[in-house]
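Have a look at these structures, which come just after this line.
Look at the two complexes coming up: subunit A is in both, with subunit B in one and subunit C in the other.
Up next is the complex of A and B:
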C-alpha cells in the first residue's frame, strides 16, 4: 500500500505546477475562445458559442478565396518545414565536421558556435536587418564588389524573398542547439562499430549512412520534433524583420494571432485569437503524433 | 543582527512613505526622443511643489505603449494618467477607459492652443486629452543635389514628380525621393500626407470609409508613381530609417520631422525645406498631417483632481515651451510660435503648415486595425498585385467592418 501512494504524493508538486502554469492558462484560452471579447473590456464579454471557430474558416482576407486563418496556418507549415529541414541538414553536417578527427581547434569552434544562440533573438534579428539592408548592409556591399549583382538587392522587400530570408535567419539562430545535440549523439556511438566497418572495407560514405545516421536517429527524432514546435512558435525574428509583411508574406500563425488580438480590437480580438490558439495547439499536437508514429514505424521496418 | 535591523528599518520607512503620500501613477513612453530623465524631472518638481504627493512614473517603449495600456486597463490596474497617441482616443473612449475632460479644461487653457490642435483630441463632442506633443511634417531636401541636377523647389504634384525624376540617379547612388513601404505605422502616415494633400480622408464625418474615393485613389497612384524614383527595397524601409540615407547625401528629398532636418544639417548636409504641396483635387495650396500625443486620465483613477492638477502642471505654457524646445516638437500653443527659438528657417515651414493641417486619425474608431488595412493596400499596389482602386476598395471594406 505504502509503496503505491508514495509516488503519487511525490508528483503532486509537479501536478500543481502543471495545472497552475499550463493547465489553467490553457483552460482560460479555451474558455475565451467562445466569447466575443477584447483586451479593452474583458468583463463585458459576450458568449457567442462556436462563432469564433466559424470565423477561422469564413473570414477571407486579404485573399478572397482562402480564410485568413488557413492562409496563416499553411504559411506556417511551409515556413516551419523549410526552417527545420535546413536546421537538421546543416546541423548534422556541422556536427560531423566538428566530430572529425582531422579538424584542429575543435574547442574554439564549439564555443564560437554557441554565439547565435546566446544573442537575444530580437537583437540578432536587428543585426541581420542592417546586415541585409540594400543601402548600408555589408552583404550587398560584398556582392556588389564581387560583381555578383549590379545594383543593390533587397532581401526583405518582396514577399518571396522575405519568406526565404526569415526562415534562413531562423535556422541560423536555431542551428547551435542542433549541432550540440547531434555532437553528443555522435560521441555516444561506440568507436568499435567504425573499426569493424573499416576492417570490412566500408567506405566513409557507407559508414555515414549505415552506422552514423541510424545510430543518431533517436536524437534526430527528438531534436527535430522539439525544433518543430519551437519554430512553430517563433515570433521575434519575423516580428523584428518584417512584422509579417510585405503583404503578409511572413505572417505565420503566431504573428496572425498577435495581430488579431492586439490590432483587431473592435472585431472582439482575443476571442478570435483564442480560437486560433486552440486550433494551433490541436493541429501541432496532431502533427507531432503523426510524426512520431511514422518515424517509429519506419524504424521497425 | 545590526544589518537585519537596519534593513527592516529601511523597509518600514519605505512602507511609511508609501502610506503617507498620495500616489499618482503615470504611464509615460520612452524612445523617439523621450528620455526617462526629462520626464522624471517634471515629476520631481511637482512633488517638491506639492508636499505629500508621490508621482510614480512607469516607462514603456513607444512600440509597447498601446499593448501596455490595454492590458493594464483589462486587468483593472490602469495608471491614473496615461500618455497616449491621440489616434487611440476613440477606441479608449468608446470603452469607457478614459474620462472626458471638458469639465476640467478652462476657457483660458483652451485659448492657448490652435483650434486644429483641439480637433485631434476631440471625439463624440468631448475632449479626451490635453495635447502634450505635436508634429507636422514638411519636405526636407538636399540643396546641393537640387542645384547639381538643376531642380527647382516643387509647388505642386507635377513638379514634385518631375523633381524626383531629375534627382534620381541610382547609378551614382542618388535617389530622387525617400519613401517608406514597410509594414509599420509611419508608412501609413507617409501615404496620408498625399491622401490629405489631395483632399482625401480615411473616413468621413459619419465614420464611413471614403479612402477609396477619387481623391484617395489618385493619391495612392501618385505614391506608387513616386516610388519609381525612391531608394531600392522600399518595402523594407520605414520613415524612421530614411534619415540615415539622407544624412549620407543619397536622397534628394523626403518628408520628415524638423528634428531630423536639424540632425542632417549638423552632419553637414545643405538642408532646405518646403511645405508639402496640395494635390490636383485639393483646394488648399499646402498640407500636412497633424499628429499629436496627449495626456489622458483613466476612468479607473481614484484621484482625478490630483491627476488633473498634474496634467495642467505638465502642460503649462512654461513647461510646454521647455518640452518642445528640448525635444524639437512643433509648438501646439499659439504663443509659442513667437519665441525667438522658433524664428529659424528650419522651423518656419513646420509652423506655417499648422494652418493647413488635418488631424491624423479624425473619426477613426480603431486606429490599429485601420492602419493594418491601409498598409496592406499600399503594399499591394507597390508590388503591383492590384490597382489602387481595387486595393483601396478592399481596405475600405475592412475599415467599414472596424467602424461598425
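Up next is the complex of A and C:
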C-alpha cells in the first residue's frame, strides 16, 4: 500500500461523521430556515423565501416594541457577558490564591474545587434549586444567620433576581475549568522572572501586573473565548432552574430556540426556529474564528 | 520583624479566603449530602440548620421507591455512555493518529474544522437532529441519543488524540518500520499500546459526557420513560409541584458518585489535552 493513501483511509470515519453529523444537519438548518414547516409533518412544507428572517425582526412578543428574537438575543449577550466576566475574574483570583506560597494545603483545595465540574449540569441545577429554596434551603439560612438578609428571600422569583442567579450558577459550573486552566498557566511562568523582580525590589502587586498577568494573557484569551462559546450554548442550568422565566427574564437564545421549535408551535414551527438557530450558529462561528486565530498565533510564538 | 508579621497576617487571610471560596463551590454538594442523610419524616426547619441534626441512610433505599425506574435510568445512562464512548474512540483514534503523524493535503483545514466542531452544542443542531431522526424513524431509541451525543464528543476526542500523539516521539514507530512491519502492523503493535493512556482518557471523557450531559438531547429525542437517562428521569421528580427532596437528593447522590470519581481520575489528561497540542 502506498504511504500516501494511509492517512486518508484513517480519516474516512471522521470525514463521514463530520459530513453526516455536522455538515448535513447544518445544511438542513439553513434549508429549513427558508421554509414554513412543522414537526407534525416535516414533509408538507412550503417555501417562503426570507419570511422567517423577517419574522425574527418583526414578531414582537411579549414586548410590543422589540422583537421576540432580538430580546432573546440581547438577553443572551448580557447573560453571557456577565457570566464570562465573573468566571474570568473569580477564576483568576482563585488561581492566584491557590498558587500562592502563603496558602497551606493547596492540593486539598485544588482537588475540592474541581468536583463541581464532574456533576452533570442538570443535576447541579436541581441541587442549587434546593439550596436556594427560600424557606428551607441552606443558602438563605446562612445569609439570615450572617445578617445579610433579614427575611427569607427567593432568588428565582423576581425577573432580575432570576437573571442574576442563573448566570452566577452558570459561572459556578464553569469556574473549576477556568481555575484549572489558569493554574496551569501560572505554573508555566518561569520562577526566575519573579526572582529577578524580587532582586530589583519590585513589590508583589507590581510583580502581578508586570509579570503574572502579561504572561498568562494568552491562556486567559483562549480560555475566555472557549468559555464564551460554552456559555452561549448553555441550556440545562437555565432550563432546570427557571425554564426561561419568570416573565421570560432568563429566556436566552438557546431557550428561545427550544421554545420556538418544541413548545410554542403557534410561534411558527421549525422554519422560524431554524432561522434563530442560524443566528446562534453565526455567533458561535464568529467566536470560533477568533479562537482559532489566537491559537494559531500562540502556535507561531 | 514587621515583615514576618505581615507574612503571618497574609497566611491567615489567604486561608480564610480559600475556605470561603471552597465553601461556595461545594455548597450545593453539602446541601445534597445533608438532605440525603436527613430523615424524611423530620419536619423541615426554617431557617435550615447548618449542620445535620439527625442522620439516616433510609433515603437511599426509599429513593428506589420514589423513583421506581432508578436502576433502569442508571442502566440507560450507562448504555448511552458506553455507546457514545465506543463511537468516539472508533472515530477519534485513527483520525487523530493520522492528523498527528502524516502530512496530507487536507490536514490543516481538517484540524481547524475539528476545533470548530468542538464548539458545537446540541442546541445548534437540535431542529435538524430531531427532523432527521424522525425521518429515518429512530426517535425514542437508544441509537438516536448515542448518535446525536457522539457528535459533540468526537471533536474533542480527536483533538485529545492529536495532542497526545504530538508528545510521543516519532522514532518509536520508525523503529517498527525498520523492523519490516507494514503501516497497519505498526499501528496495531506499536502505536495502539503507546496510546493506551489517551485511549483511557478519551473513553472516560466521552463516557461521562454520554452518561450525564444528554439532558437536552434526551428531552427532545426520548419520550419513552423506559429509555430516559438518569438526569431526565430524575428531572420528572424535580419538576413536580411537591418535591420529595430527601429521596431526590439521595438519588442524585447515588447517580453522580461514580461519574465524579471517574472524572477526578482523568481530569489531568483532559486538562493536558486542552492546554497542549497545536495546529501545526
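Simple rule for what comes next: the second predicted complex is superposed on the first by the 259 of 301 C-alpha atoms of A that agree within 3 Å, B and C clash if a C-alpha of one lies under 4 Å from a C-alpha of the other, contacts with A are read in each partner's own complex, and residues count from 1 in each chain.
The rule is short, and it goes like this: contacts are C-beta pairs under 8 Å (C-beta built on N, C-alpha and C of every residue); 3 or more make two chains touch, one makes a residue touch a chain.
The structure displayed is predicted, hence computed values, not measured ones.
One of subunit B and subunit C touches more residues of subunit A, and that partner is C. Within the superposed three-chain model, A:263 lies in touch with subunit B and out of touch with subunit C [touch as defined at top]. By the document's definition of touching, of the two partners only subunit C reaches A:292; subunit B does not. Of the two partner chains placed by the overlay, only subunit C lies in contact with A:281; subunit B stays clear of it.
In the superposed model, A:244 makes contact with subunit B only, not with subunit C. Contact with neither subunit B nor subunit C is seen for A:190 once the two complexes are overlaid on the shared chain. Of the two partner chains placed by the overlay, subunit B and subunit C both lie in contact with A:39. By the touch criterion defined above, A:122 reaches subunit C but does not reach subunit B. After overlaying the two complexes on the shared chain, residue contacts for A:136 are found with subunit B and with subunit C alike.
In the superposition on chain A, contact is made by A:157 with subunit B only, not with subunit C. Residues 39, 42, 129, 135-136, 152, 262 of subunit A contact both subunit B in one complex and subunit C in the other.
Taken together, the subunit A residues at the contact with subunit C in this complex read 1, 3-4, 6-8, 10-11, 13-15, 17-18, 21-22, 24-26, 28-29, 32, 39, 42, 94, 97-98, 100, 102-105, 109, 111-124, 126-131, 135-142, 144-145, 152, 172, 175-176, 180-181, 184, 219, 229-230, 233, 235-236, 239-240, 254, 257-258, 261-262, 270, 273-274, 277, 280-281, 284-285, 287-288, 291-292, 295-296, 299.
Per the touch definition, subunit A reaches subunit B in the complex via residues 39-42, 61-62, 129, 133-136, 151-159, 162, 242-248, 259, 262-267.
Only residues 66-67, 70-71, 73-74, 91-92, 95, 97, 170, 181-184, 231-236, 244-245, 250, 365-366, 368-369, 371-372, 375-376, 379-380, 383, 385, 394, 398, 401-404 of subunit B touch subunit A when the two sit together in their complex.
Contact residues on subunit C toward subunit A in their complex (touch as defined above): 7, 10-11, 14-15, 17-18, 21-22, 24-32, 34-35, 44-50, 90-92, 94-95, 97-99, 101-102, 104, 107, 110, 112-113, 115-117, 119-132, 134-135, 147, 150-151, 154, 158, 182-183, 208, 211-213, 215-216, 219-220, 231-232, 234-235, 238, 243, 245, 248-249, 252, 255-256, 259-260, 262-264, 267, 271, 274-275, 278-280.
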